[in-house]
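Paired with chain B in one complex and with chain C in the other, chain A is shared by the two complexes that follow.
And now, the complex of A and B:
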């Protein structure tokens, strides 16, 4: 590993100052769960590391019944998993975090770091996109907001510029008559997912007809993708397992997987189809329960 | 007789040091003034070295030395000292590189970064040669020739033939014949501690090397050979070792280069392989292509077997020729097949060398054997367990010219495993998607192999007893995490009749310990254990002689030691503390300390091993029919390891062996493309992790008495790597009715096979709902299902 200058940021403002001064030669490090591997392999050799891990102002979870949730970018996976408010009002996030990597990674890795790494098979991105999240970014020009669905540009690439920081993620409260689910496929437990799916299903008052759906897939393209063909095929449709099964067959219209050492592109599409179906069905069940007035999530 | 420490659940003697982090491994070590070493490796799978210019690297500030083949004796080396035609590897490549990662030069510098930078400054001009990666292609006329020499033809470096009975006549006379082809892939040892060495040359030219190895004595004599030094001037110290599994049973380039660079610089030099080097440039499990033909009778009697294996040996022989022999040998285990023929071919390819790895050819053999046995059972409509029971080896089994099997508990292993798992109830009665399968194995307890050509006994032990009763046990065996030091302490304590905490085992320092062949082939419990027992008996005899003088009993009485006391066997209430007898013995011989010596070498034990262990494995799996993913539900293993020495140790070994086998079957695959390893990291190379370990894991111990072993003990923990692939493959077949012939058995292959099966079923029965297999009825007692 090449030597580098190490600067520990004292505040968000200080971090932005340093980043402005150092320009493209500086790289931000939060939990370092991915970055250290990259540095060790020599894939990146920055002159300067700006350590933002200690910025307490970005480590928070806030819930407001009216407007929804805010999670600071430096909140660890373990904090999200342990958050009682998220467990009770957004169970899908906890269920994603419970199976994210290993306990060591969850204890040190941060949600913002996970998203900024932009690994196409990230656990977190699909479920946060399905929840309708917004990324909050600060830079020398001030603050800006980007829908999380537009946050990812390609493999390991996001809209966050070298001088900018992702500061928080926000998403609205889950509406009534709605279910959100998440599932991932991997061959070895504790390993990164091969394919991830998250589904958001809102129903009409009849408890059967789909009013709104988001199906977000990871691991099947250079970024997380919305399976829009699947969503469109189900809108206004009275949901049945057969209808979901048939619509899930359209996943490949939104995916562009590439073969790798783990499996073929075709296999990723097959798994995406199975996971889309499974997550849609479980979100549907949860939404039905919500319509029926049962406690859910 | 009830043993005092044998057969008990004993804590490892090194356990506390390891779990508290006190234990130091070679990677942890440092010496003042130490230099960091790095190796320059070939980026090409096959090339001739035209020239090397290291001047810019030597000129880089901080660089202390750069070595190439010109700084070596250019000798070939390897474990095959008795068979020099198999020695094909140089410490640094003198003229040609044969795989991506082949070592060309080494640098010693002030720190790792400088050493790495220096590597980039070494200019090597290559003439790129055509390469070959598939062993069958490599055997064809016109294929690139990776090695030339009188013993190599079309890249075949070694062939092995095993034959007994009248195979052709038996095939003519049998009722049915089944022939199948299988292919087996490469996996990595993936030890947590990489290959690592720290070498120091003293002012008098003596060399000390601390290194992560399974074979300190081999490293000593092979360093002596390659460096042109007397063995006596080399001291090899093996600190705690973070795993070996066969990947550290040879002299490696880190060891040679650290030693050579320390000679040249006069400073300590440390070399630690990166994880990428571990995956790409060290050894791997041998990939094989197997053709298997078995002849059998309608009643399930196996009468003839013919096996042909082509091994993808990689760029050098390494220990591949032993895997070549053992895979053919263990192909027939644990079955009594009277007519058998094996032909094996060890073939060079431009990939990293294949070598020894836990099971040493056995896992490949048993995958093919167990898979085919289940196909034969299906053909005959027999329960696969019954087919196995009908054809087992029995105690006293002899294969003339090859081996004698004294103790053999395979039948009890199968019956115990069947009973424990409810085999008869479950087999054929589980829901579609869940299945149960069996695999069986036999394995060696140390090899009768003296490739290294040593005049020393295979194992030796020395015990010094001090006047306060503490016993210092010196053995050359290698504790590499398998629990060997604990076993030696137990055997010494049991034989001496003193508590475990009065024993200290010192192993793996060639300046202090007697030579021993080291940790491979499951040899230490039997071989070093026998030497320790003999040395302890020698000590005890000396103590009892003194006690006899002190206790003044009737001369017809005899003496023994137990619970720290010397007692009169015929009058057990008459005792003295053994320390008193030790003191008396020392005084009686003018102050000379009591020393006991022992040794062991197999004699008249055939060509393979002095004793064989056996076992049966039953796995229950769930297969997700939509994704092809396999989950382990229940795992039961019954193992015959003779007398259990440490029950905790055996359990740990069995569990570890299973999980390693589980990875071999379901997830691990050291993939290459044009000779380049595609997944040289733990991110991309998929080992099983703690959450993958089956929660329901049952270890059943079947105790037999092995007359050749210390207290009747034999192998435990390597053999169980062998049956997992076939066992899980058979369970998958039972679950969803698909048979995978090429390893690893990935979800993708299972799903593809399920789809193929569905399509075929759809074609056969037009109009009917295509079903992969009739959904089964829920489990219920077998009798009721018959109407």
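And now, the complex of A and C:
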């Protein structure tokens, strides 16, 4: 690891000042659970590291009935997993966190760091996109908001500029008659996912007809992708396992996997089809239960 | 410099083992402000002002920690390479869950790989330490 200047930010304002002064020679470090491996391998060798991990103002979980949820960018995965309010009102996020990496990584790694690393196989991104999240970014020009679905530009690349900070993620409360599910596939527990899928399913009053759907896949392109062909095929349709199976066959219209050391592109597409189907079906079941009032959300 | 290298190379405290150095194996687990972390994935300078507890700091008054004793009693040490990390993770786990089920103890060490595959006795040791620490008298 090359020597670097280390600056611990005292506040968001201080971090922005330092970033403005240092320009592109500076790299932000949050939990560093991916960044440290990148530094050790010499893939990045910044002159200056700006440590934002300790910024308590960005470490929070807020739930406001009606408006939804806000999670500070520097909230650790462990805090999200342990959050009672998220467990009771947004269980899908806790279930994603439960299987994200290992406890050591969850204890120190942050949700904002995970998103800004923009690993295409990120556990967190697909479920947060399915939940309809917004990324809140602050920079020298002030604050801006970007839908999380438009946050990722490519492999390890986001809309956050060198002088900017991701400050929080927000998403609306899960609407009535809606289910949200998440599943990932990997060879060994604790390994990075091969494919990730998250599905959001809203039903009409009849408890069968789909009114809104989002299917978000990770690990099948340079960024997380919405499986829009699958979503469109199901809108206004009375959901059945057969309808879901048939629509899930359309995942490859939205994916562009590349073969790598883990598996072939075809394999990723096949797994993506299966996971899209499974997550749609389990979100459908949860939505049906919500219509029937069986599940308190 | 990582916390792991700082401990081993700068302070000469080699109780914390260096395994994969990529955050996958858990051999270098230490407690940072009471939370288990892979010390290979934390910079030493990040720890300024924080409490770092390593395997060297577990014994008190010349007595081993109950989990260290349980590892010996249950034969949970084979080659010993994963042991410091396993024990530090186990200490954190038992602080939060003093009465774990076998399944919970297995999940607790999800981030610690034992290359001897001695997990059965490691889980037994965690459960035995829990009983001992509760004062149940079963060592």
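Operating definition for what follows: the second predicted complex is superposed on the first by the 295 of 297 C-alpha atoms of A that agree within 3 Å, B and C clash if a C-alpha of one lies under 4 Å from a C-alpha of the other, contacts with A are read in each partner's own complex, and residues count from 1 in each chain.
We adopt the following convention: a contact is a pair of C-beta atoms (placed from the backbone, for glycine too) under 8 Å apart; a residue touches a chain by one contact, two chains touch by 3 or more.
Because the structure is a prediction, the values reported are computed rather than measured.
Peer 1: For A:37, select first, second, both or neither according to whether it touches chain B, chain C, the two together, or no partner.
Peer 2: Both chain B and chain C are touched by A:37.
Peer 1: Just chain B (first), just chain C (second), both, or neither: which does A:253 touch?
Peer 2: In the superposed model, A:253 contacts neither chain B nor chain C.
Peer 1: Check whether A:206 is in contact with chain B, with chain C, with both or with neither, and answer first, second, both or neither.
Peer 2: In the superposed model, A:206 contacts neither chain B nor chain C.
Peer 1: Using the superposition on chain A described above, determine whether A:1 touches chain B (first), chain C (second), both, or neither.
Peer 2: A:1 sits against chain B and chain C alike.
Peer 1: Between chain B (first) and chain C (second), which does A:141 come into contact with in this model arrangement: first, second, both, or neither?
Peer 2: A:141: touches no partner chain.
Peer 1: Is A:53 contacted by the first partner chain B, the second partner chain C, both or neither?
Peer 2: second
Peer 1: Of the two partner chains, chain B (first) and chain C (second), which one does A:189 touch, if any: first, second, both, or neither?
Peer 2: both
Peer 1: I'd like to know which partner A:104 touches here: chain B for first, chain C for second, both or neither.
Peer 2: second
Peer 1: Kindly list the residues of chain A that each of chain B and chain C touches, one partner per complex.
Peer 2: 1, 37, 102, 189-190
Peer 1: So in the complex, which bits of chain A are touching chain B?
Peer 2: 1-3, 37, 41, 102, 185, 187-192, 261-264, 267, 270-271, 274
Peer 1: Quick one: in the complex, what on chain C touches chain A?
Peer 2: 1-2, 21-24, 26, 29, 32, 35-38, 40-43, 45-46, 48, 89, 108, 110-111
Peer 1: Which residues of chain B touch chain A once you look at their complex with the stated criterion?
Peer 2: So the residues of chain B in touch with chain A come to 113, 276, 626-627, 629, 666-667, 669, 671, 678-679, 681, 683-684, 686-692, 746-748, 751.
Peer 1: For chain A, which residues are in contact with chain C within the complex?
Peer 2: The touching residues are 1, 6, 8, 29, 32-33, 36-37, 40, 49, 51, 53, 78, 101-105, 107-108, 189-190.
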